[in-house]
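Quick one: the structure is below, and I'll ask about it shortly.
Note that the chains are named A, B, C, D, E, F, G, H, I, J, K and L in the order they appear, and that numbering of residues resets to 1 at the start of each chain.
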Amino acid sequence: NYLSQDEFDAVQEALQRTLATTIALYLKFKKFHWDIRGRFFRELHLAYDEMAEEVFASIDVLAERLVMLGGSPVAAPADIERYSTVRVPTETIRDAREQLRQLVEDHNRITHAMRDDSKTVDDANDPATADIFNGLLHQHDEHRWMLQAILDDDRLD
Amino acid sequence: NYLSQDEFDAVQEALQRTLATTIALYLKFKKFHWDIRGRFFRELHLAYDEMAEEVFASIDVLAERLVMLGGSPVAAPADIERYSTVRVPTETIRDAREQLRQLVEDHNRITHAMRDDSKTVDDANDPATADIFNGLLHQHDEHRWMLQAILDDDRLD
Amino acid sequence: NYLSQDEFDAVQEALQRTLATTIALYLKFKKFHWDIRGRFFRELHLAYDEMAEEVFASIDVLAERLVMLGGSPVAAPADIERYSTVRVPTETIRDAREQLRQLVEDHNRITHAMRDDSKTVDDANDPATADIFNGLLHQHDEHRWMLQAILDDDRLD
Amino acid sequence: NYLSQDEFDAVQEALQRTLATTIALYLKFKKFHWDIRGRFFRELHLAYDEMAEEVFASIDVLAERLVMLGGSPVAAPADIERYSTVRVPTETIRDAREQLRQLVEDHNRITHAMRDDSKTVDDANDPATADIFNGLLHQHDEHRWMLQAILDDDRLD
Amino acid sequence: NYLSQDEFDAVQEALQRTLATTIALYLKFKKFHWDIRGRFFRELHLAYDEMAEEVFASIDVLAERLVMLGGSPVAAPADIERYSTVRVPTETIRDAREQLRQLVEDHNRITHAMRDDSKTVDDANDPATADIFNGLLHQHDEHRWMLQAILDDDRLD
Amino acid sequence: NYLSQDEFDAVQEALQRTLATTIALYLKFKKFHWDIRGRFFRELHLAYDEMAEEVFASIDVLAERLVMLGGSPVAAPADIERYSTVRVPTETIRDAREQLRQLVEDHNRITHAMRDDSKTVDDANDPATADIFNGLLHQHDEHRWMLQAILDDDRLD
Amino acid sequence: NYLSQDEFDAVQEALQRTLATTIALYLKFKKFHWDIRGRFFRELHLAYDEMAEEVFASIDVLAERLVMLGGSPVAAPADIERYSTVRVPTETIRDAREQLRQLVEDHNRITHAMRDDSKTVDDANDPATADIFNGLLHQHDEHRWMLQAILDDDRLD
Amino acid sequence: NYLSQDEFDAVQEALQRTLATTIALYLKFKKFHWDIRGRFFRELHLAYDEMAEEVFASIDVLAERLVMLGGSPVAAPADIERYSTVRVPTETIRDAREQLRQLVEDHNRITHAMRDDSKTVDDANDPATADIFNGLLHQHDEHRWMLQAILDDDRLD
Amino acid sequence: NYLSQDEFDAVQEALQRTLATTIALYLKFKKFHWDIRGRFFRELHLAYDEMAEEVFASIDVLAERLVMLGGSPVAAPADIERYSTVRVPTETIRDAREQLRQLVEDHNRITHAMRDDSKTVDDANDPATADIFNGLLHQHDEHRWMLQAILDDDRLD
Amino acid sequence: NYLSQDEFDAVQEALQRTLATTIALYLKFKKFHWDIRGRFFRELHLAYDEMAEEVFASIDVLAERLVMLGGSPVAAPADIERYSTVRVPTETIRDAREQLRQLVEDHNRITHAMRDDSKTVDDANDPATADIFNGLLHQHDEHRWMLQAILDDDRLD
Amino acid sequence: NYLSQDEFDAVQEALQRTLATTIALYLKFKKFHWDIRGRFFRELHLAYDEMAEEVFASIDVLAERLVMLGGSPVAAPADIERYSTVRVPTETIRDAREQLRQLVEDHNRITHAMRDDSKTVDDANDPATADIFNGLLHQHDEHRWMLQAILDDDRLD
Amino acid sequence: NYLSQDEFDAVQEALQRTLATTIALYLKFKKFHWDIRGRFFRELHLAYDEMAEEVFASIDVLAERLVMLGGSPVAAPADIERYSTVRVPTETIRDAREQLRQLVEDHNRITHAMRDDSKTVDDANDPATADIFNGLLHQHDEHRWMLQAILDDDRLD
């Protein structure tokens, strides 16, 4: 591998965490896609599925980037739980406002971390991984805007 | 809902467990897809991905069937761990024979359970769910054959 | 034909009724697709059309199954009216809640009947028709869930 | 709406009648598609289906044109029966010559009426509806020719 | 060119104005597509984009029709501003009701003018341009209906 | 394998016989597709090919189902001859009526056997194979109807 | 047929002449497509082919419209020669300017005639044929503009 | 060009004649496609169109092969008439038997000539043109068989 | 037909034998596709299927070429057995080396015979059939190379 | 939003200006696409349209990036005029050299600015926007090269 | 292999040389595609790319044909240089006339050689390779014509 | 051009070398694709082709980027030899291990150089080229992993 051990450790930490977070986010979108009820059912049922599909496409990209650099990606549920910064609910949440509130909060956390990670891996001499993070960042920024946009209405309650 | 409470409990138990097992199996196929090394790299890297893709398609089908009947599907990693009959490794397994041995064992367990579940839900007055199980059963039977077929060679070691 | 007269009569009754009901349901979805007004206009205008399209695909399947067994499918409006268990409104209903209420009620009736029909035709020695009913049942179950999900909100009024 | 009440009444009468006739014609093509027997089975079974499919596409066009102008399209079987100028048989007709004879007669009626309607709605200040009628007229003219062409043979009996 | 100077002047005036209005309408749909917030975010974000796309397709048709007849289509922002009958907001409007209210008003103006233009160019001996206007008229009528349909609800406020 | 020896023997007998019969039926449809002459040339030349194509698709399905259960599918011409219930002519038959007569007879035999096989394998604890038979049964029922429908005409001679 | 003899004669004359002219124009475009040489080779070789292809699509439309009304379309070379208003060169013309000059002249003649024909058939009570002419007129107007546009350059010689 | 004058003359004669014949055959197929009436209407209306389409594709191939060798392909109706060995009827033939009889005769002539031409151009040192003729020969042989096959029935009259 | 009796006999012998051999080869590829086990399972399971598919496409080509020339193609299993130069095993062969050894031997025989047949039919005045043989020869040469290439390894045993 | 006010102001300024410039450039390409005359008509008519289409695709990307960061994109003609660095002509320019000269100059300005903007937004802590600018920069560089390449010829005048 | 050593040597010499020439021709087309400037920029930039793409497709065909016969295809730049009859310029040529002049000369050489090679390999008992050469010959003949056609104009200078 | 001479020299050196290396790598992948023999034949024959195809797509991207900046890309075999850091073998290598060993070594060299080049061009004020390098780097990293993964097995020898 062309990364030094220190560089590799930094890149691996970022990729492993982002991978686990992405799998958890996918599962959370699907969970809400299945549990949603009420006025916003069709709107959010469809929106969550589209976002889940876009998020899903990045799982293999992140894992294989790690593999190319010599790492071994996490996949076991226990590992996803440990590394992910997103929590998938075990309880059933049917209320649109509560679902949206959680997801907006998740996306704030994810996008801030990803921008920092982009800088970290670039500094660790790995511009190709930085490039991948920048592309995904744009995607998550888009989802954050869309989820937030609906919440901008007092009458939602 | 047109199922009695007893019928619903039986169908829900089968769908919830199959859903968790299917998500875990998907993650296990991907984990091996990423970790495989050696003579069988390309062959199994591709085979696992194709099977993972076929398995993936049934996740939404199983979860939405449960939703239609009034249930709420599991998605949190902790729940997947609890309900799944397949264990996703946290350690890195690079050996083809060990990967195949685990997967064949998993598929023996999955196909036996699914055939029983098919009968259970049919008895619980839900032929549409039985129909879904019968179709998935054929798919898992196919995967079991293919995984086993390679193992049928002493020279693999 | 390989069905006895009694078997054929039972299967024909189920197919003829289901065919008429399916045509009527298609027309009802389109009627509501055209008449809907208000906050839910775009959401339901699109949802009804997708469901109508899925329902439409089964008309030819049901009619041709009957033809294969030696029957002659109904098509005249008067016959649809007579055999259908779904009533298409002649009046103009523009209110989302009223439309959804009627459709949920229709789907409760349809899915209960179809599950019974599946059993009837299986007992009448015609597993291929039972197979068709089981597939359609899953589709109608899905529509019932989606229509019901929006109604689960007090603020709809 | 930009039509005066008189204009609207004229256009609505034409659109409502054409819509009901088109739905009835679709059902009649399918009925004959299912009931046909004998030497011409495959030929007409296929021809009726192609024509039915083309006719079907205009149902939504006609109904939505009426909706755009402020009307509410008919869909209930009883209404189709009342407004349609085409009669769908309740009896089973298996003879090709009789089927073709009825359809040619229907198409003569339909194309004459549609040409008159094109003029009526143009006079009622609605050139966009006239445009739609002119396009459909060409389609029905084509079907009339094809249905008639086979009948031009004494040996058909 | 086969049009007399008077005929050409009449047709050119209609095409130039419609072209500028169409470009402005496209930009207005996009502006609202970007600025919308609140309960109707996803619904209108998608609806405006679909309508914008359909409107967009007619820009080249209108401009090239004018070119074929010997004219030179407007494209500069200042010219669009001068000729267009639709005003694109420079301020940010996030409220669904206000957006819809403006668009319905715009469409009332556009469809009335287009029907008159259809007659004008037909009288100016140019039936091919009239044909184009009739097709576009149907499209704008459809958009007006859809935009109006949502507004038909007191609870929107 | 999860089937007992008795169960496996029963399922294998049904799959092996159906496979050989399907290959033979495919070859017979093609033989008639090539040998047909006279008034019905184009009609039957095309119809036989479409049916052959549909039948062809099930060869791999049946053989692989057997493989999954641990069997080895027949493929040698001598084996096809031995197990098939359909006889492919060695002589040249150009007459439409004779071709159709044979095929209708073949399909009566095939569909009766397949319905019995569906029950047999279901009783042998293999609902996935039963499911496959039910689907193919519908296909053969359709072909039987179509082949029979043309024969329903005295003027065919 | 729903046209009177006089109406039919007028419509037939227009359709027959346009059909022959269209076939001749197609052959002329191809002839120039094959014979062109020099600086404009690739440009015109491609342009003529695209225009030929668009023109070709209208041959069947015109001929079948005539058939629907009861006529029999011309196809023999001698008839094309007699009815066509376009002359296909028997000599080899390799010069771009001469090819373009002839084609522009042809299109001036064709578009003037077609606009008159549109009026003629409308007066002859056949709005569907007028509709077809209006669509084709737009296409020929486009070709005329494009062919003329290149000629607008003194340096072409 | 790499052909001697004698070789070129031989190849050109074959290509020019085949091109004219192919255009004429295309027009004849379309003429019969439009004029056919009676029992075989749909069958031959479709068959002629498919064959015309296949024949059409070879027009550009033949003409461009001639162009590559330095020739100028014929396209004017008068030239088609002079070089073609197929005569397109100016009269209206509605009888299937007469149409088929003429076409079979045409195909006998065409296929014999093309086989001879294949040998001629091969001897003239142009194997690439021979290759093209061999491919087209197979296509015309197929059409001859299909047209002849229907005629093999006394009951056609 | 344009072949003399002697020419026809020679061409028919070649086509009939090649057709039977091709059907047998197809069945042999599928038989091995189903029976393969061990290290090479996936590799050969896929390779055989791809080759089978390519071989399959030539069955209809060969049979219809014979039909065009006046022959009647074999299809009955007994006839395939008699004419084919390839033997399909009735026993189960699971060993990759043995399967490959047989197939290489088969392809040596097939390609030698096909090259001779190409010459034979060309001498029999039928260049179009020679053309078909030359194309198929290339395909079989490719398969021979690929099957042989794997065998070129001592470690295969 | 995760940008500080200063960062946001810098990024917004760059995005708003680029968006207005892109819309103006699109309109300018179309204007020239419509107005071009002479020797280069077809070449530039097509080239401008392809470039316009590529440029068009970036409008939504730029505007939505701004929206995600909390801004409101300009769309009104007056705003486009104010922010754009490209001027769309109100006069008619038919000369290829003048059109190309203006466009090359525009592209020199655009590409220099965009490279600076890429650096600005990267410094403003927004690598995802930098990534978008880098991709668009490559596209505009390509257009500049192509437009310039034609101008590199004295004989153009 | 079924070729004698002498036959193989002859075929190998032809294939090896043609392969190297084809790779060189591909690189030359791309070189000119990148270096072209001036009036003909877009025309030739596109034309070279299309021809390069068609030429590219034959590289694998030629190399694999050689492999099937037992040879090993050249690929190293030094080998391409040695065997190719086409010289790829190391200098930058921006002038259209000079590019075209060189390419026409190359194609004269290539097509003459290929026709001779076709005969050589046919004599060497390898009709399948001859078939491939005949097909490619047609393609190169087409390119020669197109490249030459533009040069047929004195004003090019 | 917007690059200073020094910047241009640095970017040109990187692009020219990468272009030559990419062409050589493409040829090397094809060479091994053709020469491979033994157990890994099918696996590597396919893998090399897929990688060759992905590598091929970047040739035009790299060359045109250089063109846009004012350079002239190398294409002559001698130049490829001079600039490439990858050596294409002139000898025939049939052994999988030796092929893989060379390719892994090549990819180590390529990816290290490309990461350095990414930094170089970014420093040379050309972020768009850096972006291209980062994307290609990811692709070459993936190939290196896959090629290496198979070598990770002692039993390969």
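Here is the rule we use: a contact is a pair of C-beta atoms (placed from the backbone, for glycine too) under 8 Å apart; a residue touches a chain by one contact, two chains touch by 3 or more.
In this text, all values refer to a predicted model and were calculated from it rather than measured experimentally.
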item: Count of contact steps on the shortest path from chain B to chain E; value: 2
item: Identified repeat of the I-L interface (over half of residue pairs identical), from C-F, F-H or I-K; value: F-H
item: Remotest chain, chain C as reference, centres from CA atoms; value: K
item: Which of F-H and A-L has more C-beta contact pairs; value: A-L
item: Chain centre separation in whole Å, for chain E relative to chain A (CA means); value: 40
item: Distance between chain centroids, defined by C-alpha means - chain J, chain L (Å); value: 33
item: Mean-CA-position distance for chain G and chain B (Å); value: 64
item: Whole-Å gap between the CA centroids of chain A and chain D; value: 54
item: Junction residues of chain I - those touching two or more other chains; value: 43, 64, 67, 130-131
item: Pairs of chains satisfying the touch condition; value: A-B, A-C, A-E, A-J, A-L, B-C, B-F, B-I, B-L, C-D, C-E, C-F, D-E, D-F, D-G, D-H, E-G, E-J, F-H, F-I, G-H, G-J, G-K, H-I, H-K, I-K, I-L, J-K, J-L, K-L
item: Residues of chain H touching chain G in the complex; value: 23-24, 27-28, 30-31, 34-35, 59-60, 63-64, 67, 72-81, 84, 87-90, 92
item: For the chain C and chain F complex, residues of the former touching the latter; value: 2, 64-65, 67-69, 125, 127-128, 130-132
item: Contact set on chain E toward chain A in their complex; value: 36-39, 41-43, 45, 94
item: In the complex with chain I, residue positions of chain B that touch it; value: 43, 47, 146, 149-150, 152-153, 155-156
item: Parts of chain B lying in touch with chain F, wherever the complex brings them together; value: 108, 111-112, 115, 118-119, 130-131, 134-135, 137-138, 141-142, 144-145
